[in-house]
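Across the two complexes that follow, chain A remains constant while its partner is chain B and subsequently chain C.
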Partner chain A sequence: MEQILATTLRSAAPLVLVAMAGVFAFRAGIFHLGLEGLMIAGAFTTVAVGDTTGSVELGVLAAIGVCLLLSALYWWVIGPLGANVIIAGLGLTSIGLGGTAYALGAIFDVRGSLFTDVVLPRPVRDVTSGAGVIIAEHSIFVWITPLIVLAAWVVLRRSRFGLRLAAVGEYPFAARSAGVNPSMVRLQAILIAGALCALGGAELSVGALRNFTENMTNGRGFIAFVAVIFGAWHPIGAAFAGLFFGFADAIGIQSQINITERVPREFVLMIPFVLTIFAVWLGGLWRRRSLEAEAGYAELREPDF
Partner chain B sequence: MTSGLRRAVWTVVLVVASFLITALILRVSGYSVGDVFSGIIQGAITATGASTSSIRWAIPLLLIALGVVIGFRAGFFNIGGQGQFYMGACSALAISLGWREGPAGLVILCGTLAAMLAGVLWSLFPGWLRVRFGTDEVLTTLMMSFIGALVLQYLTAGPMRNPQGTGQTAASERIPEAFRLTGGSGVSLTVLLLVAGVTVLVWLVLERTRFGLTMTLVGRNATMARWQGINVRRVGLGAFALSGALAGLAGAVELYGPAARLVTGFSPEVGFTAVVVALVGLLNVWGTVVAAIFFGGLQAAILFLPIVTDLPPPALVLLHGMVAFLVTIKFRAVRRRRAAQTEAPAG
Partner chain C sequence: MTAPSGPAPAGAPAVRCRSLGVSFGAVRALHDVSLELAPGRIHALVGQNGAGKTTLAKVLGGLQVPDTGDFHIAGQEIPAGDVRAAKAAGLAMVHQHFSLPPSFTVAEALELTAARPGGRAVYRRGDLQQRWQDDVAEIGGTAALSTRIRDLPVEARQSLEIVRALATEARLLLLDEPTALLTPVAIDALFERLRRLRDSGVTILVVLHKLREVAAVADTVSVLRDGELVLGPAEMSEVSQGRLSDAIVGPAGHADSAVGVRTAAHESQETLLELAGTSSGESAFEPGLTAVDLRVEAGEIVGIAGVEGNGQRSLVSVIAGLTSVTEGTVRIGGDEVTAAAPARRRLRGLRLVPFDRNTEGVSQSAPLWLNQSALRLLGRHRGRSPLISLRQYKRQASEAMDLWRVRYDTATQPAESLSGGNVQRLILSRELADGVEVLVAAQPTRGLDFAATEFVRRSLRGLREAGAGVLLVSSDLDELFELSDRLLVIYGGRIVAEFDGPYDRRAVGDAMTGAVR
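This part shows the complex of A and B:
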């Protein structure tokens, strides 16, 4: 049981970090399907730069830099250049997945996985029994994730920027007449999302593990996005949804060890995706009750090419 | 220029831009763009069997992309072609392995129909959720793709695994040679005629039938279509079913054509590439044919490239992502910006 809870925290942390990114994008009215690509770009850059320089701090900073740059490009393409949000987002995901796998071969001459010695600091270590196992061996990012969730909540709820973001997401026309530039507010939200994805990717590669593997995000960016919808695009709600998906993941990992003989591994791996469909369905039902949100939401996805 | 021609030219400009940016990335990371380019030309056109190989890779892309075109026309982002393709291939395989002694023609027919049915079911479930509950189809079709890939992995590693198989990747048994429509090249007259027939049929449905017209109307403005008495739900379900059937058919053609057996995770990018193909083809049937042949050629070339240069194959995924990232940029938005800049240089 302790082991399952510990694995839950470890699986949930990257999901929650990326879900916070999704919350910021969603509040700005952006259906951000590039989260997966940003996440894997962050994971790769952390390992690549961290391993080359031997400093995990530099690795994380570089990851944030790369993700900010990619996010700025994404904003430029969907904002001023008017590209379709969903298609460009999926393109960004492919750029991330393909680009990192390409760079792995081109720079490090490796196919598959790149192992590294750098790792994020782990505040609590060497606990082997009792309830302490739950909090042991987690990277510093797992510890700061609740703080980031709280910070996101405060920023969205209490700050001038948060209120502008809400206005831009729900009714850009009103925001514009109040003297707010929706495009600039969206840029800020996308940049925040990019930085958070970098943290989530770094946690995945050097927090929970010590390597970068091709396609290691394995749909987590999309699952985090669903956590946003499941959590009604509220930071706390999305965090709990992320925690829940982390729990499902932990059960999956645990049952792979214990019950593989009876249940094929693939069916266990399907659990998050099936739950995701269920969550989108439920989230959709919930969404219908809130008309304003529906309006803001519909605006993002007019299929206009 | 007519607006259609202008859109075509603009799309070509964007695709070329994506290629140039990718070429720049290759250059910076130390590969000779000239070598890669000549490798692509050889691998797609001039080398022995290259053009056949290009057609072989264009066929699944074209069939799935036509499904994407239908979905997008009706205003639905059915991006789950990958899973529908896998389920189609698995169903055809199940029929073909379960009925080895059957008459070849009948088995192939049943297998193909089963494949289309499986594609329809895999696509209709998210479609039904969409029209009945308003559940977002972008995410559900994507998740169905992930699940389809796991089903394929389960079948090839478990019930359908080739017991004599060696090596690490799980693969199914081969279907009897009598059931195959092509040799290993994946191209034969039967398959070409089949694909051409399906393409013309899709064109007829989209451009010459009442159903195609109502679909386009629903895609343009669903509310307006409802006011005009169109049953939007039924049209939506029809669009999802058709695009699933096409992706399932692509799976059957892959099995009875070049593959003959299924390997876990085969053609992992074909579903997403088909979306890119449909967009580059401007959601137009003939445009999609051209785009499918083009991207099929690239796929063939990337498999040939290791002979010429040591470029890592994921470069192709990067290129596809780049095209998708840029291809929906609006000409109007760019021109408006330029106009605004020349009028108000200080601003």
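This part shows the complex of A and C:
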């Protein structure tokens, strides 16, 4: 049981970080399907730069930089160039997945996995029994994730910036008549999302593990997006949804280790995906609100004043 | 009944624009408009739907970039399309359409849009409510602050738009059709407020539809027609009513006649709509119905008078099948439809002109032809192919819209691109296409210009001549008196009085305030 809870926290942290990215984008009216690509770009850059320089801090900073650049590119394509948000997001994901696999071969001449010795600091270590196992061996990013969720809540729900962001996403006309430039607010939201994806990717590669593997995100960016919908694009709601998916993941992982006799392993492995479908269905129940968000998305393609 | 004139103009004009021009594709919305408005006065801007009033207002507010020309506010040149610069020069704007995000609470919406100095970047909910509690006294006080915009009734939303504009230190207040959604009492209160603002030195430019309102509040009047400034700004005292309406309508102006409507065949004296002892649950802002008895016969217009918020919306909603009935029955064309779905009621001959044409009457983002064809998709053509021909639908929709003189470019443009009067024509062209038994018309002329109002009224009369029944819900007593064969008064969700013409304004007024029980 302790192992499951510990694994839950470890699996959930990257999901929750990327889900916060999704919440920022969603509230600005952007269906950000590029989360997966940004996440893997973050994971790769952390390992690549961290391993080369020997400094995990430099690795994380470089990951944030790369994700900010990619995010600015994404904004330029969907904003000034007027591309479809969904297609551009999927394109960003392809660039991330393909680009990191290519760079792995081209720069490090490695196929599959690149192992590293750099790793994020782990504040609590060397606990082997009892309830302490739950909080042991987690990277610093797992510890700061709740703080980031809280910060996201304050910014989105209790700040003027959050009001402007929500107005841009829901009703750009309201934002414009309040003297807000919707295009700039969207850029800010997309950049914040990019930085959070970099953190999520870094946690995945040098927090929970010590390597970068091709396609190691394995759909986590999309599951984080589902968590956004499941959590009704509220930071706290999305965080709990991420935690829930992390729990489902943990059950899957643990059952791989201790194969139960009564339930076939394949069924246990399905749990995360079944829960995801269930979440999508539940998200549909909030149809009314998502329609409002879609109205904001439709407006994206109109020229900005 | 001209209002007392304001202080003598002094210094720079409050607004000076030169040769403003705006085109949308082939449509010329504004052409070579040059205008100077003296400070400290109430200036009215009038014109028909589509004359360019809203476009001019948007240009001044920085929400529309003009193709040609420039403008100054209080002597400062405002860069085209710069909302902040216009605001900094003292301009505050009340839009025709709502400008507040539906999911925001009232306090959040005010914090977003009103930009009163002193707010903090990060706030607590209580702080926000405290900051705005004095401003919302008239729309429900502190309790309203945590209400979401989408849950406010239309009237309160409109009031809030004005509250929002006045919350800033405006030197120039621009109101685009502020009276369109207000009751007569609220209009008087608004005008009183505008006069007080003017006397404190604020310049006001107000877009109005009714000449009566122009005469009541304006110091000067300007007229736009087909995007051009054809009159003014002229002192109200120097312009006759006749000259004003000539300027608005233009030399080619002629009243267009109502369109013939095809109704379902039936004998006269048939009861087409009947509510018997009907009650419904209350909604957030309105009482439900309590034991309402109501009949609309073939060939009559029955008016529903009442102060807004007394159950009119519940009534329309119950008839349309959007609110369930807790007691009693609803019959359309003799068939009981108490529990029937809206679509079945439509098939039975119910037609509806809803309260809020932009959100309930059309799908704003859907193309015109789809909006126009919506009723035909209800399954009237049984036995035919389940496939539909887009080309045929588009052609039929275009024909119907031409017949009802909807002004549009192509049948594929979205409904939100139409002006208010044109949206109402579109709705009528759909609802009255054929098979009408009974039409429920909720505030059908609210916010429409003179010509469009006349058009709608003629259409309702035409419907009566053709033998259909009409239930007319309106807050405009003159309209009710002019059109209704019988008049019912609704108060607190009950029908409290019934009148036959000629109507006694005073007696009806007493019933509306609940003085008669």
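A few comments on the model shown:
By our rule, the second predicted complex is superposed on the first by the 278 of 305 C-alpha atoms of A that agree within 3 Å, B and C clash if a C-alpha of one lies under 4 Å from a C-alpha of the other, contacts with A are read in each partner's own complex, and residues count from 1 in each chain.
The rule is simple: contacts are C-beta pairs under 8 Å (C-beta built on N, C-alpha and C of every residue); 3 or more make two chains touch, one makes a residue touch a chain.
The model shown is predicted, which means the values in this text are computed figures rather than measured ones.
With both complexes placed on chain A, chain A has more residues touched by B than by the other of chain B and chain C. In the superposition on chain A, contact of A:132 is made with neither chain B nor chain C. In the superposition on chain A, A:163 makes contact with chain C only, while chain B stays out of contact range.
Contacts of A:174 after superposition on the shared chain: chain C is touched, whereas chain B is not.
In the superposition on chain A, contact is made by A:90 with chain B only, not with chain C. When the two structures are aligned on the shared chain, A:225 is found in touch with chain B, with no touch to chain C.
Shared-chain residue A:146: touches no atom of chain B or chain C.
When the two complexes are overlaid on their common chain A, residue A:123 makes contact with neither chain B nor chain C.
In the three-chain superposition model, chain A touches both chain B and chain C at residues 305. Contact residues of chain A toward chain C in the complex are 154-155, 158-161, 163-164, 166-167, 170-171, 173-179, 289, 292, 295, 298, 305.
Taken together, the chain B residues at the contact with chain A in this complex read 25, 29-31, 72, 75-77, 79, 126, 129, 133-136, 138-140, 142-144, 146-147, 150-151, 153-154, 157-158, 219, 272, 275, 279, 282-283, 311-312, 314-330, 332-334, 337.
Residues of chain A that touch chain B in their complex: 31, 33, 37, 73-74, 77, 80-84, 86-88, 90-99, 101-107, 111, 214, 219, 222, 225-226, 229, 264, 266-267, 269-270, 273-274, 276-277, 280-281, 284-285, 287-288, 301, 303, 305.
Taken together, the chain C residues at the contact with chain A in this complex read 61-65, 81, 83-84, 87, 93, 95, 97, 99-104, 108-109, 111-113, 115, 119, 121-125, 365.
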